[in-house]
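Supplied in structure tokens, the structure appears directly below.
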Amino acid sequence: MSISVDITHDFGGFQLRAAFEAGEGVTAIFGRSGSGKTTIINAVAGLLKPQAGRITVNGSPLFDSAARIDMPTHKRRVGYVFQDARLFPHLTVLQNLRYGARFHRRPTLPQDDIIQMLGLAPLLSRHPTALSGGEKQRVAIGRALLSAPDLLLMDEPLAALDTARKDEILPYLERLRDTAGLPILYVSHAMTEVARLANTLVLLENGAVRRAGPLADLLSDPDLAPLIGLRDTGAVLTARVTTHHPDGLTELACSGGALLLPRVQAAPGSPLRVRIHAHEIMLSLTAPTGISALNVLPVTVEQVRMGDGPGAIVRLRCGQEHLLARVTRRSATAMGLVPGLPCHAIVKSVSVAQGDVGALHSTA
Amino acid sequence: MTDWLTPAEWAAVALSLKVGLWAIACSLPLAIGTALILARGRFPGLQLLNGLVHLPLILPPVVTGYLLLLTFGRRAPVGAFLYDVLDITLAFRWTGAALAAAIMAFPLMVRAIRLAIESVDPRLEQAAGTLGASRLWVFLTITLPLIAPGIIAGAILGFAKAMGEFGATITFVSNIPGQTQTLPSAIYAFLQVPGGEASAMKLVLVSVALSMAALLASELLARRATRRRQA
Amino acid sequence: GNVTVFAAASLKTALEQVATQWQAETGHTVTLSFAGSSALARQIEAGAPADIFLSANPGWMDHLAAKGLIRNDSRVDLLGNALVLIGPARDAPMTLSDLPARLGNGPLAMALIDAVPAGIYGKEALMSLGLWAAIQDRVAQTDNVRAALALVALGEAPLGITYHSDALAEPRVAVLATFPADSHPPITYPAALTSDSASPQAAAFLAYLQSPEASAILGHAGFVPLTELQ
Amino acid sequence: MTDWLTPAEWAAVALSLKVGLWAIACSLPLAIGTALILARGRFPGLQLLNGLVHLPLILPPVVTGYLLLLTFGRRAPVGAFLYDVLDITLAFRWTGAALAAAIMAFPLMVRAIRLAIESVDPRLEQAAGTLGASRLWVFLTITLPLIAPGIIAGAILGFAKAMGEFGATITFVSNIPGQTQTLPSAIYAFLQVPGGEASAMKLVLVSVALSMAALLASELLARRATRRRQA
Amino acid sequence: MSISVDITHDFGGFQLRAAFEAGEGVTAIFGRSGSGKTTIINAVAGLLKPQAGRITVNGSPLFDSAARIDMPTHKRRVGYVFQDARLFPHLTVLQNLRYGARFHRRPTLPQDDIIQMLGLAPLLSRHPTALSGGEKQRVAIGRALLSAPDLLLMDEPLAALDTARKDEILPYLERLRDTAGLPILYVSHAMTEVARLANTLVLLENGAVRRAGPLADLLSDPDLAPLIGLRDTGAVLTARVTTHHPDGLTELACSGGALLLPRVQAAPGSPLRVRIHAHEIMLSLTAPTGISALNVLPVTVEQVRMGDGPGAIVRLRCGQEHLLARVTRRSATAMGLVPGLPCHAIVKSVSVAQGDVGALHSTA
């Protein structure tokens, strides 16, 4: 399953020049407000006809301006969760959810599961005007999921939802990605969601693709930190569950050592991805004792990137993988951080949020 | 009660209802289609079609009736075709009265429906498309329910017009009691003779009562169609 | 001075010619308002600025007279007309008793038999000739004589009953028979000055309508001038 | 060109335009108000008002004309009042023709505008309220522009009807050349005499041409009003 | 300036019973999707007529079911940023922004500043249909601000915006709160925004007010952590800027000691509030050395709240104020954390986000 987008479109004042390839899994489109994210997925859905270019899924074109191909929306088999919910006002919640059912070739997703996950059971007989903002968005997600699409387009689907609800929905999207093998184009401002779900990241800036590639590569590139946002910078590690300890902690093995995290819902042996925020890693020259942090990973400094401000981003080798750490320049100087220096990365167990631990698809 | 109106008058009442209902029932789908084309179509002859639809409103009814006679009369091209090939007679039959009523009501129905179509949010139709619905299915399941109030408004306007239409009808199908004598023809006849006003007013009241009942029903229907959406 | 005449619509062509001629002779103007006699009579009742009322039947004139809205002394039966059976232009004349047979299944075009004078007269005539029962189911009534004429002219109705004056002007129809004058009440077009009339020339124009010049025009149009002032 | 129509016919053309424009211009605000009440009002007599508005559509035009004569005639109560107190004469003047046209067009205008009002999103009006706009100001700056296409549709329907209306007009104000003889009355008069068809058709063409021009103009206007919103 | 709300409303299926008082400044309404947040502010705006109750501003009633008072919306002088933007489709962006100008008594806020802050300059002549989701929301914020309201209602105003844009807008809202003295009712799912802006916090659960009170009190209450969300738990400290160091760090004094943070935009002497996430505090029994964290505050354990899971929340006394720290139970046991134990709280400079440092209103 691969999606390839190469389109240009001119709005008069705004030019979109977007070209990227997306492989299996989730492709996140990340960019500031007005950078062209919705425009891209509208083009993929066939709701906007780009002035020129090609959009293919698995090599077969949905749109090709040169070949005059423009497949109508309903034949593209995309499920689209719109930025605005766009529920059908004359239908009940249940009728909205079931709208796409008629066109199913296969009902992959059990309706009741989705209703339960999204907490929609008490709302089924209501009309959309009687829903809260977040409820509408949940129905919109359910409606798209239940249409059994070949490709899911999600435009900030979780922006209107509270953290708890997000944490309920994210694992579901992971399952879709991993078990149903459903490719997803995912627009979000929230790097937490992106880092957890995405296999491929497309960084959009002002209508142009600034960088596109595998998530782990982009997230561990200190040069992209300003674009991603310092606060959201942080690499992802792949890990495997080894033991669930009786005190509620789960031990993971990654290439750089063991990690203890609060209970992870995954069977021993399962592969996981763990995002560790750059600002949550503390560096120590010696192995510390008597502290509340349980994770101390031996690492080697690979690159120190001093920013314009008071901070520095340190790229660390950790086994086969990389971590990013954000420290102050003052600390970097005081500790004498230079490439090649061995040191210890201290990560609090609890500072790795539930939301930052995600299921890992074998290809990621 | 039955004495209150003569048998001929009762027949006129029944006929008017029949004519009005058939006129609306048969022309409504066409009106919806035409409204759809006018609202969404983009082709050169669009404004011509638009003008054509409005014609019965612009022309004095007598002229419309005369043109109908020229087109659908037994000796006229279309009328002869309908009669010979499809065995449909319009001239001097209630069917002709229904045709006249439908044509007179048509611009009113089309406008109401077109206005409703134009206020449908196209983004909802797009959303239905992404869920796999073809354009026809989108129309049937999204557009049509959303324009229901407009369709109801169009139908009631059309029905009211059909109940009041007289000039085109009497010119086209004349006035044959039991066959083509609608309420307005009967009312007109009474008004032509000195002292006929009282009898005319009696029929006017009947006509108004029927139309008001239909109007009330349409309001309730429309309100239900809308309320469901906002409850 | 100006004279306003409210006249039955069927008189339009002829009356316009008379008015033009009078205007040329006297320099006074005539305003002609044509509509159905019923509408005109009701308008005069409501205070319409008419000086002369020219009705297509006596009924509405009587109605106004009863209300004192016309000057009774000015009332004259201006014109008469004959009732004829018409058919397509090439048809041969016939006798009235053949009417049911000639009609076949086709409709007989007439003006409204209870409301419009030509229809009322026609029904009377058919009844007195004993033909009514045979054809009454086949009568297609129109709101005015002209529409009945049109039905025959267009071939929609094989036969129709109209005034002689109407039949004369339509080349697509022929007069097949004339109803005997005694088979129906006399057909008259009464004229009178209205009580409200303030036009000094109104009486003059009413008189002119009865002049030989006017009679010639009206007679040419198929009407029968009933009074000729010497 | 000027020979093509007689002076009386030119006068009828001019009068029809005058009557149509005045009828629509004067009744439009009232139609908007009525539509607003019908769309938003919630009071017991609402359906009565609704019925009253539809009356001219339901009644044969002759009856409407007759009722107008009974109400606004010079000897009638309202007519006398208007004449004596306000010095307004309606009967047998072009003003009366305009009144008749306005009344016949009224239900069409109200329906179109009402449909438009009902499809305005009340949440936009609420938003304007939170910004400090009074209900009147909200109406003027939010509702009115949003229903512009409906108002234009109503106006053009009304104008077309006014151009074609004849039954009520000739019954109410008669058919006085230069004063109350509109195009349809003139057409009617031609159709009353044998051989008048050609002259009638000439006037029909004029009437159709005028209305089509108005129709096209209205479409352009409405499109501009809508395009601005979607550009 | 004080707002008092005490209303009940029944939607058939959902009951709202909301009573709270809000003083000066920002009152945040926090709760899960469907908990009744929008319903409350609709009632304050006069868009929803509660079945019973009273809403007063400065003691004068906007609504009082007993006294049959129901002031019309346009007289309430509220500025409302809706959850859906609700721009006027027939007006340009500029006309939308200026819509409320006509009703000004005083044009408090310079229009150009707002346009600049919200990045609206290139959009002014567009119509709303030509805007992206985030752009619409920015116009909606500008429109409400420019109507010079007496009370600002904001329903998830920043949910559709990227982090960078949020960071541009938040200081502006602080200025409104502090200098214009504009009271704000603020609905948000994002505790970052809430902790930064709010003086008063109203915690809503299922239509009922679970707790309402000063922000600092509620945030330092370990018992409320589950409701707020573990990830969002964290106390706020008040601090004062002492020095801006040349290496870009700013030194703050709080009652428990000094804090070094990345450059804070505030003059020396300014009061600030600093939110420190519970999961970002590491505890150490001894003062650590050779680590990258610059902030080590001496604290005393006051309360240890063991949760159901593997974590524990520790309430710490830090000078006159409190901190919350989240640690694993394993660490808590290993370190022997009990009330009265003195220890050290380690906070990385960079782990305190820009967004977590906010201007402080004197009354807070």
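Chains: A, B, C, D and E, in written order; residue numbering restarts at 1 for each.
The definition used in the following text is that contacts are C-beta pairs under 8 Å (C-beta built on N, C-alpha and C of every residue); 3 or more make two chains touch, one makes a residue touch a chain.
It should be emphasised that the depicted structure is a prediction, and the values quoted were computed from it without experimental measurement.
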{"item": "Neighbouring chains common to chain D and chain E, by label", "value": "none"}
{"item": "Touch-network distance, chain A to chain C, counted in steps", "value": "2"}
{"item": "Chain of greatest Cα-centre distance to chain B", "value": "E"}
{"item": "Centre-to-centre distance between chain D and chain A (centres being mean Cα positions), rounded to whole Å", "value": "60"}
{"item": "Distance between chain centroids, defined by C-alpha means - chain B, chain C (Å)", "value": "35"}
{"item": "Separation of chain B from chain D, taking each centre as the mean of its C-alpha atoms, in whole Å", "value": "20"}
{"item": "Chain A: positions in contact with at least two other chains", "value": "84, 130"}
{"item": "Junction residues of chain B - those touching two or more other chains", "value": "66, 166-167, 188, 191"}
{"item": "Overlap residues in chain C, where contacts from two or more other chains coincide", "value": "none"}
{"item": "Every chain pair in contact, whichever chains are involved", "value": "A-B, A-E, B-C, B-D, C-D, D-E"}
{"item": "Interface residues, chain E side, partner chain D - complex", "value": "45-47, 72-74, 76-80, 82, 84, 86, 88-90, 99-100, 102-103, 127, 129-130, 143-144, 147, 153"}
{"item": "For the chain D and chain B complex, residues of the former touching the latter", "value": "47, 50-51, 54-55, 57-63, 66, 107-108, 111-112, 114-116, 118-119, 149-150, 153, 157, 160-161, 163-167, 184, 187-188, 191, 200, 204, 207-208, 211-212, 215-216, 219, 226"}
{"item": "Residue ranges of chain B touching chain C (in the complex, touch as defined)", "value": "66, 69-70, 73-76, 91-92, 166-167, 170-171, 174-176, 180, 185, 188-196"}
{"item": "Complex contact set, residues of chain A against chain E", "value": "11, 13, 31-34, 37-39, 83-84, 122, 126, 130, 132-135, 138, 155-156, 159-165, 189, 229-232, 245, 247-249, 260, 262-263, 278-280, 282-286, 288-294, 309-311, 325-332, 335, 346, 348-351, 353-355"}
{"item": "Chain C residues within the chain B interface of the complex", "value": "36, 38, 41, 59-60, 62-63, 107, 109, 112, 114-116, 139-143, 147, 150-151, 154-156"}
